[in-house]
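There are structures below to look over.
Two complexes come next, and they have one chain in common, subunit A, joined by subunit B in the first and subunit C in the second.
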Partner chain A sequence: MQVGIGTENDLLLKQKKKNLKRKRIDTWLLLLPTLAIFIFFFLLPLFFLFITSFKTFDPSSGIGNEWTLQNYIKFMSDPFYLGVVWRTVKIALITTLITIFISYPVAFQISKSRGRARNYFTLLVLSPLLISMVIRCYGWVILLSNNGVVNNTLLSLGWIDEPLTLLYTELSVVIGMVHVLFPYMVLSIMGSLEKIDPSVIRASQNLGASSFRTFFSIMLPLTLPGVFAGSVMVFSLSVSSFVTPAILGGPQVKVMSYLTYEQVAVMLNWPYGGAIGFLLILIASITIIAYSKILARSEKGVAIQ
Partner chain B sequence: MKKKLPKLLFNSVCLLVYTFLLAPIVVVLLSSLTTTEYIVFPPKGLTLRWYTELVDHPEFMQSFTLSILVAFGTAFIATAIGTLASLAVVRREFRGKTAIVQLVGSPLLIPSVVFGVALLQFYSWIGLAASPLALVLGHIILTVPFVMRLVVASLVGFDRSIEQAAMNLGAGSWKVFFQITLPIIKSGVIAGAIFAFITSFDDLTVALFIVSTDVVTLPVRIYTYMQYQYDPIITSVSSIMILFTVALMLVIERVLGVGKVFSSKN
Partner chain C sequence: MSYLSLENVVKTFNKTEVVKKLSLEIHKGELVSFLGPSGCGKTTTLNMIAGFLEVDGGKIEVDGKPVHLLPPNKREMGMVFQNYALFPHMTVYENVAYGLKLRKVAKSEIKIRVQEALEMVRLSGYEKRYPKELSGGQQQRVSLARALVIKPKVLLLDEPLSNLDAKLRQEMREEIVDIQKKVGITTIFVTHDQEEALAISDRIAVMYEGRIEQVDTPAAIYNYPKTDFVSQFIGEVNHIQGKVLEAYSDKRCKMHFFGNEQIVAIQSVKDSEVHFFIRPEKVQISLGKSNESKEAFLSKVERKMFLGAKTRYILRANDQHLVADISNTVLNPNQIQEGNNVYTFWNPEDLLPSRMVR
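Moving on, here comes the complex of A and B:
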C-alpha cells in the first residue's frame, strides 16, 4: 500500500519535471524565429557598422584597413557638422513645442466628445498615419513651393509682392514634421486626459472655480505626464526622421539623418556615415533617458499633490 | 454670452488643426485632375488624363505590385513570429527575458536611416542582392515591435481558465491555440498585422538603401521620380495609393470591424 503511493508520487514528480523541461524547450521554440531574425538582421548589421565607423576611408573600396577615431573627432571638431547637430536638435525642439500646442485642444475636444462623433474625430486624427509619409510630404511640396497654394494666396491677397521662399527651409521641415508626428502627441495627451477622475473636475467647479481656473490648476497639471511622454516620442522620432527632412529640406537643410544618407549613398564614405549614424543614435538615446528621468520625477510630483 | 466666445475660439482652433491635417492629402488628390502639364492647385480644368497616362509608365505598376507583395509577406511573417514570441514573453518565465524584450523593442529607438545603412553593408557582405526577400527581412525588424506591443496587450488580461477547460475536455495544445487562444486575441493580432502592412508599404528610409534598378518599391519610385520631374503623374500615382489605403481600411472595417480596435486602443 505504502509503496504504491510512493511510486505514484514519484511518477507525478517525474511527469512534472518532464513537463517543466518540455515547457522550457517550448519557450525557446516560441522565441526562436524572432530571436534568430533579430540577431542576424539587426544586431549583427549594426555591430558591423559600429566596427566600420572606426575604420579609415578608402576612396576605392570605401572602407580602409586602418583603425582610427578620426571619424568621430572630425565630426565633433568641425563647426559645420556641429551646426548640423544643432539644427537637428533645434528642429526637433520646435516641432515638439508646436505639436504640444496644437495637439492639446484636439485631444481635449476628442476626450470630451462621445459616441459616433468621438470615433470620427479619432479616425480623422489617426488617418494621416495610414497614408504614405512620402505622399503627405509631397502634398506640402505642392502647398509650399514658390508658385504653390500658400504663396499664390498671399500674392492674390496683396500681402506680399513676391513669393516667399518656404520650401527647402527649416520652416518647411518643421511644418512637415508637425504634420507627421501630431497623432502621436494627441494619443498620448488623450491617454492622460482620460485618466482624470471626473469627480475632481466637478469638485473644483462646485467650489466655485471658473473653467479657466479648473483647467490651469486641475486639468493641466494632471495631464503633464501625458504631455511629457508625447514629447519624448515626438522629439526622438523627429531627431531621427529621414523622409520629411529629405523631401522638404533636401540638401539645403541638412540634418543628421540626411548627412548619414549622403555620406553613404553619395560620398560612399561608409566609415564616416557610420560614425554620424552612431552619434545620432547617441543623441536620440540621451534625450530619451533624460526625458524619462524628468517624467519619473514629474509623476511623483503629481502624486504628492 | 460670456461662455460662448471661448467655446467658439476653441472650436475654430480645432477646425484649423483639422484643416492643417487634411490639407496636403486633399491637395494631392485634387491636383491630380489638372489639365495642365505642371502641378497646380486649385487644378485648372478637370481630366483623368494623368491616370490614363500611367499606362505609359509600367514601372509604377511594377513597383506597386512589389510593394504590396513585400507588405503582405512582412505582415504575415512579422505577425506569426511576433505572436509566438509574445506568448513566450507573457506566459513563460525564463532567464534573459528583459534583455530579449528590450532587444525586440529597440528598432523603435534606432533611426531607420542607420539601420538601413547597416543592413545594406551586411547584405553586400553576405551577398544578398536586392530582392523581395531582402526587403521583407528588413521590414520584419521594423514591424515586429508593433506587432508584439499589440499582441502582448491583448494577451495580458486573458482568462486562462478557458484554455484549461478546453484541455480538460481533451483538446490538444494546437487545437486549444487555434480554437480558443487565437480567436480571443484576434483583435490584437489583426491590428498588429495591419500596422505591419502599413509600415512596410510606407517605408522609404530602409528600402532606399536596399533597392536596385529592377527592384524598386513604390515609395522609393515616387521619391526618386520627384527629384527629377515635377509633373502631375506623381499626383495621380499618389492619389491611387491614397484611395487604395482608404479602400483597404474600409474593407477591413467592414469585414472585421477592427475600427473599434483603433479607436478604443487609445
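Moving on, here comes the complex of A and C:
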C-alpha cells in the first residue's frame, strides 16, 4: 500500500514536470517569430552601431579601424551639441505637459459619453494617427508658413503688419508633436478614468463634496497613474521623433535625431552618428526609468479593485 | 409626525415608469427596510432620496423641508454602498475624515470624532491602513463609520451586506442595528434577503414593480400579508383552494377542503371557489385523531426531509400537494415513514385568503 502511494506520487510528479516543460516550449514557440525579428533587425544592428560609435572616422570608408572615445568626448564637450540635447528634452517636456492639459478634458468627456457619440469621439481623437506623418506635417506647413493661412488671416484682419515667424521654430515643432501624440495621452487617461468605480464618486458627493472638489480630491488622484503612463509614452516618442522636427523645425531647430541623421546620411560619419544615437537612447531610458519609479509610488495607495 | 416622507415619487427611464407614485412615511430613529425582488426599484428609490437621481414627479421631505431639488452634496444623508466605495487612495483615517474636512471641522475635533467613529465600528488601530489592506467586512465597517461620522439626517444602506459571506453577514447586520439604535438615526436599509429584513427592521416596505405593496412591522408582514405578492414573497406558502358550502351573514363561511369542512372568517358567496395560502409551519400532522385534530383529513406522506431543527413533509391529499414543516421536538420524525397516512389539519386563523382571481 505504502509503496503504491509512493509510485503514484512519483508518477504525478513526473507528469507535472512534463507538463511544465511542455508549457515552456509552447511559450518559446509562440514568442519565436517576434523574438527573431527583434534580434535580427533591432538588437543586432544596434549592437553593431554601438561598436561603431567607438571607432574613429575615416573620410574614405566612413568607419576607421582604431578604437576611440573621441566621439563621446567631442559631443559632451561642445556647447552646441549640449544645446541640442537641452532643446530636444525641452521640446519633449513641453509637448508632454501640453498634451496632459489638452487630453484630460477630452478623455473626461469621452468616458462620460455613451453609445454612438462615444465611438465618434474616439475616432476623432484617433484621427491624427490615421493620416501619414508627412502629410500631417505639411498640413501644418500650409497653416504656419510666412504666407500661410494663419499669417494671411491675421494680415488681412489688420492685426499684424508683418508675417509672424511661426514655421521652423520650436513652437511649430511642439504644435506638430502635440497633434500626433495627444491620442496616446487621451487613451491612457481614459483607461484610468474608466477604472474608477462610479459609486466612489457618489460617495464623495454624498459626504458633501461639490463636483469641483470631488474632481480634485478623488478623480484626479485616481487617474494619476494613467497620466504618468501617458507621459512616459508621449515623452519617449517625442524625444526620439524625427519626421515632425525635420519638416516643421528643419535645420533651424535641430534635435538629436536630426543630428544623428545628419551625421550618418549627410556627413557619412557613422561613428559619430552612432554615438549621438546612443546618447539619445540613454536619455530616453533614464527618463522612462525615473517616470516608472514615480508611477510605482503613485500606485501604492490606489487599489485596482 | 414623520421625519422622512416620500410623496407620490415617480421615476421614469426611457419612457418606462420604474418607480410609480411611491409614498412612504418614516419616523425619526426608525429603521425601515426596502424589500423586494431584483429590479423592483429599490436602488432607484434610494438614489432619488440621496439625490443621485432626479425625481420625475412627487416630492421628498426631511424634517418638514423639501429636499428633492437639492444636489446630493447638500442633502446631509449618509450612504453605505454595496461595494463599499471607499476612496482607494486614502487611508482608513482619511476616508472617515473626508466628510468632516469638507465641513471645515477643526483638526483636533476631526481627530476625536474619527477616533470615536472607528471605535464604534470596532476598527481602532486600523487608521493607517489602505482599503485594499482590509477584509470585506472591515471595509464595510469603515464605510459605515465614514457615513455616520458626519452625523447625517438619514442613513441609507443599499444592500450593504450582500458581498459578505453568510456568517459575517449575520454578525454585521446585528452590529449595524446596534449602532443604528445607539445613534438613533433614521435609516433605510435596502435588501432582497427577506430573513435579513425580518430580523432587523422596525418596519418593512415590501416593493414590487415600482410600488410599495405593504408597509408594516415584520410580524405583521409575515402573519397578515395584505396582498398575494407579499404572501408569496415573504416566507413560503402552500396554495390551497376550497369551495364555499354556506355563506353566513357574519362574514364567515363554511368551507370544503380536501373532503373536510371548516368554518373560516372570510366574506364570500355560496358555491364560489376561494384560494388560500397557508405557511408550511402552520400545517400540522398527527398519527392519530385527537381533540385538536377533529377537523383533520387524511393525507399521504410522499417525501420526508430532515432539515435540522425541523422536518419537512411533502403530503398529498385529493391530488394536491401540501408542504408541512414540523418541529422535531413536537413530532419525532422517526415515527413517520414515507408512504404513511397522517391526519392533517390547521387553525382556521392561519389561512391567508387570497385576492387572486382564477
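By definition in this document, the second predicted complex is superposed on the first by the 263 of 305 C-alpha atoms of A that agree within 3 Å, B and C clash if a C-alpha of one lies under 4 Å from a C-alpha of the other, contacts with A are read in each partner's own complex, and residues count from 1 in each chain.
Throughout what follows, a residue touches a chain if its C-beta (ideal position, glycine included) is under 8 Å from a C-beta of that chain, and two chains touch if they have at least 3 such contacts.
The structure presented is a predicted model; accordingly, all values stated were derived computationally and were not measured.
Legend: residue contacts after superposition of the two complexes on their common chain; A:Met190 is shown touching subunit B, with no touch to subunit C. Shared-chain residue A:Ser199: touches subunit C; no touch with subunit B.
Judged by the touch definition given at the top, the superposed model places A:Leu207 against subunit C, while subunit B stays out of reach.
By the document's definition of touching, of the two partners only subunit C reaches A:Ile218; subunit B does not. Legend: residue contacts after superposition of the two complexes on their common chain; A:Phe57 is shown touching neither subunit B nor subunit C. Set against each other, subunit B and subunit C differ in how many residues of subunit A they touch, and the higher count belongs to B. Once chain A of one complex is fitted onto chain A of the other, the partner contacts of A:Ser257 are limited to subunit B, with no touch recorded for subunit C. When both complexes are aligned on chain A by C-alpha atoms, no subunit A residue touches subunit B in the first and subunit C in the second. Touching subunit A in their complex are the following residues of subunit B: 3, 6, 10-11, 13-14, 17-18, 20-28, 31, 39-41, 80-82, 84-85, 87-88, 92, 94, 100, 103-104, 106-107, 109-115, 117-122, 125, 137-138, 140-141, 144, 198, 201-202, 204-205, 208-209, 219, 222-223, 226, 234-235, 238, 241-242, 245, 249, 259, 262-263, 266. Against subunit A, the residues of subunit C that register as touching in their complex are 50-52, 71-79, 81-83, 85-91, 98-99, 102-103, 130-132, 143, 146-147, 150. On the subunit A side of its complex with subunit C, the touching residues are 197, 199-200, 202-210, 213, 217-218, 221-222, 301-303, 305.
If you check the complex, the residues on subunit A that touch subunit B are 23-24, 26-28, 30-31, 33-35, 37-38, 41-46, 48-49, 52, 102, 105-106, 109, 118-119, 122-143, 147-149, 179, 182, 187, 190-191, 211, 236, 239-243, 246-247, 257, 260-261, 264-265, 270, 273-274, 277-278, 280-281, 284-285, 288.
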